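Chain naming follows the written order as A, B, C and D, and within any one chain the residues start at number 1.
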């Protein structure tokens, strides 16, 4: 079903921006895990709104309440883990106007057709970026499961409004670099890029406009042999998950679209034995994935985010009730650039998918 | 499971390049359909090898044999449709060498780890591009189901080896343009680009090398309201399907990666009522999809293909049996550029996914 | 996944008996439905504990809180509907004893092995009959969806402790009979059986023991052509759902096990045209299902419930911590017979499965 | 989807009785397995028609052809294993008559409604018992995977036409007893019952009639901790699979329907430590399953088969084309009792489901 993800772990997300709550159910977690809830909340805080002058003024604590899945010691008990995140600072008004005038670049019109006008229009309903909060919750758990197995997942803003962070060879990315990026207001490798990105965001905001950007995510230490051929390979599943984050318009791995203009001799990554006896490649155009299966090299994914569609500038749209063209100025609280808060969502999606695959690998040891 | 696709229709693909056969099972086809088998075979022929000087000399008729799913009149009968495509011109030799020396850019090494050395190495086994034949078969059926509902799916080579076909606004693409492209040796809109592309392919082939490219696919007439939110939206499912085609390294929709550098005011597509009373957008940066749900505008997807990894040039690799570095010159028959034959595979993937979604839309009329 | 049910609608259940809450997520409900919540709560009350001298003294209001899935008018909005039911009257003590001494006839030992001792032992954890509350919630919604399409689902206690309710030919069961049964303390057709059943339950309770029984469920007005061949037929899916209710040990349809001793000429139900032009059978040994597909005749299912395993009588068991045999007297609150409260759970399971199938039928009209 | 089974292994079955072939695809088999194909064929032969005077005279070799999934050494290679079984001795005639006059007790009428008259009527189409051949093939592979892990699955005819085989306590059933039963014309424990069963079958056949029976299946050595709570427990999944075998009308486990009349003190199986340190129960009313999870005791399932609906005696039916009542005498080749050939199908279903669960258990060791 549409709101579910995963083959071994299964995540089901529910909620709307202004419903009483959003949340998720995670089936298949191993029993006996004591998660570090402070670390979970710290991860959630990276996505939460109202933490920076760059994000929407809506403030939500976004502290998940675990309603099932733990035993009396607080360990996972084998039953599905369900978590709720309350929607507190929801301001829903003028529903009829929202229902009547679909916002350009938003799901309003498509949802109006699909659900026959019964869709929840308040705050974007189930299409709100707020739905990435339960994704981040699930990802935060998976990050911990991966960490004890030596796998680090992290991401950064590769570009915002055309301003680029430092280009780095994926074979040189370290967990420390990813941790440093995560600690910054905009998660970048090169702090000098941060100021220029902030400037572009502020300029757009002042103009009643918005900007987009590209997020680049890495998995370090992910072992070879994970992922399934054809439709459940590493790329297939990561892409399916990442397109679940609102505003993503493209996903690429390794050399990505640039590979289309390369020659095979330049794109192929030669295998070599390293001194430790491991097979590695010197270059990593293949982004740690061949035939949908991991090779042990860093997994590298980039996701393109469009500029936030909610802008203060007046735009053309239609009045669905009156059947005529209309003008719309989207008031309300929104991020002039969602990329800084999207970075943990991309990390979460990658962590969930890779954790699911690593778990599935256990079955192959059955022979 | 890994080899299956679809929520309403379900496609399961099986086979290896040099197994007795490849094939697929399609569950959920409506009963009572009389497919045009000549049209199916004509579509399959666009993908089949050995038809052009640009493709591998391996020759396969690729005429699917329907082993179940039809009644005595040749109509679909409600039971799963199973089709087999024989592997005839398979030349498998020197298995031990293939098993020992993983080809750079191929799944050999990853599969060797995953399957503990038991993977089928002959001709790439299940990772061969040959597995797109059953995908094309399923897509060919879906193209017919879509056509009777007014939906046209087609694709073209947007670029090969850096040579670009004509840039066209997606709102101006017509079924006739897609049919014309399909009839060409390399499916392009602008015939003058074809010659330059062919030249680049030939130059690379002469150098023992290979080139990549970008395929752009369109769905025209696809109605608003299809696709499911979150993880089963149009982009999620198309991306999951298209990354099942070997050599795809990136997927983008509409403005795609370019959207990341745009402002919201420039990227948002304003809604307007057309004279016929339909809601449309003048521009189509959103590629006919908002919130994962179709809007009725053309669906536009681009997929980046890496250069064929099998090249005649000698490359570095490892000897898995001897545990030491080695050199490899990939003999064998291969395409110096798989893009021309990948175009129908991308069309097939898009046709299957959109047909599945259109069928799922029926349930929403239940209210 | 294990906690999910359905192909078109999807129900995911979570919770443990003494976790903060139990609940469910339902994906795929049509948009625009205004459910009758009083009727939902009335249905839930039939299952809720503490309503009768025959059931456990634990008292729970069991009023579900809808946390997502409705728009501001209270209609379904197309997003997943999530509901929570708080666990209030939970008395969990002596966890170590519960963890040490598995109760005969309970999941304690099996769960201890499966989850490595991390299972939630409080009140039976996720194996508690309490988990049928979210099932009843989902079933209550489906009963309403079915009712507007002319389908009535109901059930009765066919026998308790060997005391039988009236034998009735399934072709003569009416919605009124099912409503009348639902209104009784023990849902039976023949009120005179009720007193004898109650007597047997009380006798067993006084002896510190428990009794079982058989529930018989009916679907009237369910149209022909629903259900899928092989593994998703009416029987397959109903059986899969009903075995999710704790204590079910057998499921049969129509003549059921008795069919094994019949001859074909006696078991086959002849088809006849009725005066209204409908094809019906005079007898209904086939229980409205042939080849897994509905025939339009009443669907008839019987589920056997074992006697409640929690009994006051002292029993043999093992001490898992000490590795030696032990004795156990299960204190705590429990039903001496769960059949009266299981009847709505069986109805709910049947309603959910048939509603899911009826919805799936929409896709077949696509031709 | 309807024709698929399994969470870790996935079986997809296709075909119709008179299509060119029937077959299946099995995803998820471990790589590197060398199956004993003679043993597979021997198992298939137990189900194959034409081997006994008691079965249909249709003769089919039923030797599966493996078209994919093996490497050049004949080992599983990780890719889906696809197998075809040709339909050779198919005699299809008088299609219009078959389409017009639905046979009582058969799926003809239900399928006619479901598929709008396009269903394959030849030999029962996809509803034929012949579709159990691919199930038996998959089961035969699973029996081998289970055997190397110390698990034996087998079954016997517990009763035919009311004639009962020896009642045996499930704790006393041995692999040798199951092997002996499998070698008999009718698989029973007590050879003296066989003659009486055969007599009843012959009497019914001479009268142009048919008889039913009950199959009892056992899994010995199946370890504790397998199966998932709620809807994927041992009973849920076995029931879902077994109702996929045509003519099954009821499924029960352990004490089954008889449990409904027992008291808790009599039905509960007390846990005890055995001399070898294992926890076992003395009695096995619970059939090796509590809370859907295996306990390590023998799994015991009984499935009731109705008498073969195809009988020579003339019966009432309807003419769908003329819209009036009609008479039908089912000519054609059929088994007067399908129970002997159904025994291996039940074994296969049990073997597949338990193998799938045992494989899934691997993931739980991930903690």
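Convention: contacts are C-beta pairs under 8 Å (C-beta built on N, C-alpha and C of every residue); 3 or more make two chains touch, one makes a residue touch a chain.
All values reported here derive from a predicted model rather than from experimental measurement.
Participant: Would you identify the chain whose Cα-based centre sits farthest away from the centre of subunit D?
Facilitator: Measuring from the centre of subunit D, the most distant chain centre belongs to A.
Participant: If you tally the C-beta contacts, which comes out ahead, B-D or A-B?
Facilitator: Per the contact counts, A-B leads.
Participant: What is the distance in Å between the mean C-alpha positions of subunit B and subunit D?
Facilitator: Chain centres of subunit B and subunit D, defined by C-alpha means, are spaced 39 Å apart.
Participant: In whole angstrom, what separates the CA-based centres of subunit A and subunit D?
Facilitator: 45
Participant: CA centre of subunit A versus CA centre of subunit B: separation in Å?
Facilitator: 26
Participant: For subunit D, give me the residues that contact two or more of the other chains.
Facilitator: 1-4, 13, 28, 31-32, 78-79, 111, 114-116, 126, 229, 364, 367
Participant: Contact residues on subunit C for subunit B in the complex?
Facilitator: Checking each residue of subunit C against subunit B gives 8, 28, 30-33, 78-79, 229, 359-360, 362-367.
Participant: Contact residues on subunit D for subunit C in the complex?
Facilitator: 1-5, 7, 13, 102, 104-111, 113-116, 126-127, 131, 159, 161-162, 204, 209-214, 224-226, 228-233, 235-237, 239-241, 243-244, 246, 248-257, 259-273, 277, 279, 281, 285-287, 289-296, 304-311, 313, 315-318, 320, 323-325, 364, 367
Participant: Quick check on the complex: what are the subunit C residues that touch subunit A?
Facilitator: Going by the criterion above, the answer is residues 1-4, 10, 12-16, 18-23, 25, 27-28, 31-32, 65-72, 75-82, 84, 92, 95, 111, 114-122, 125-126.
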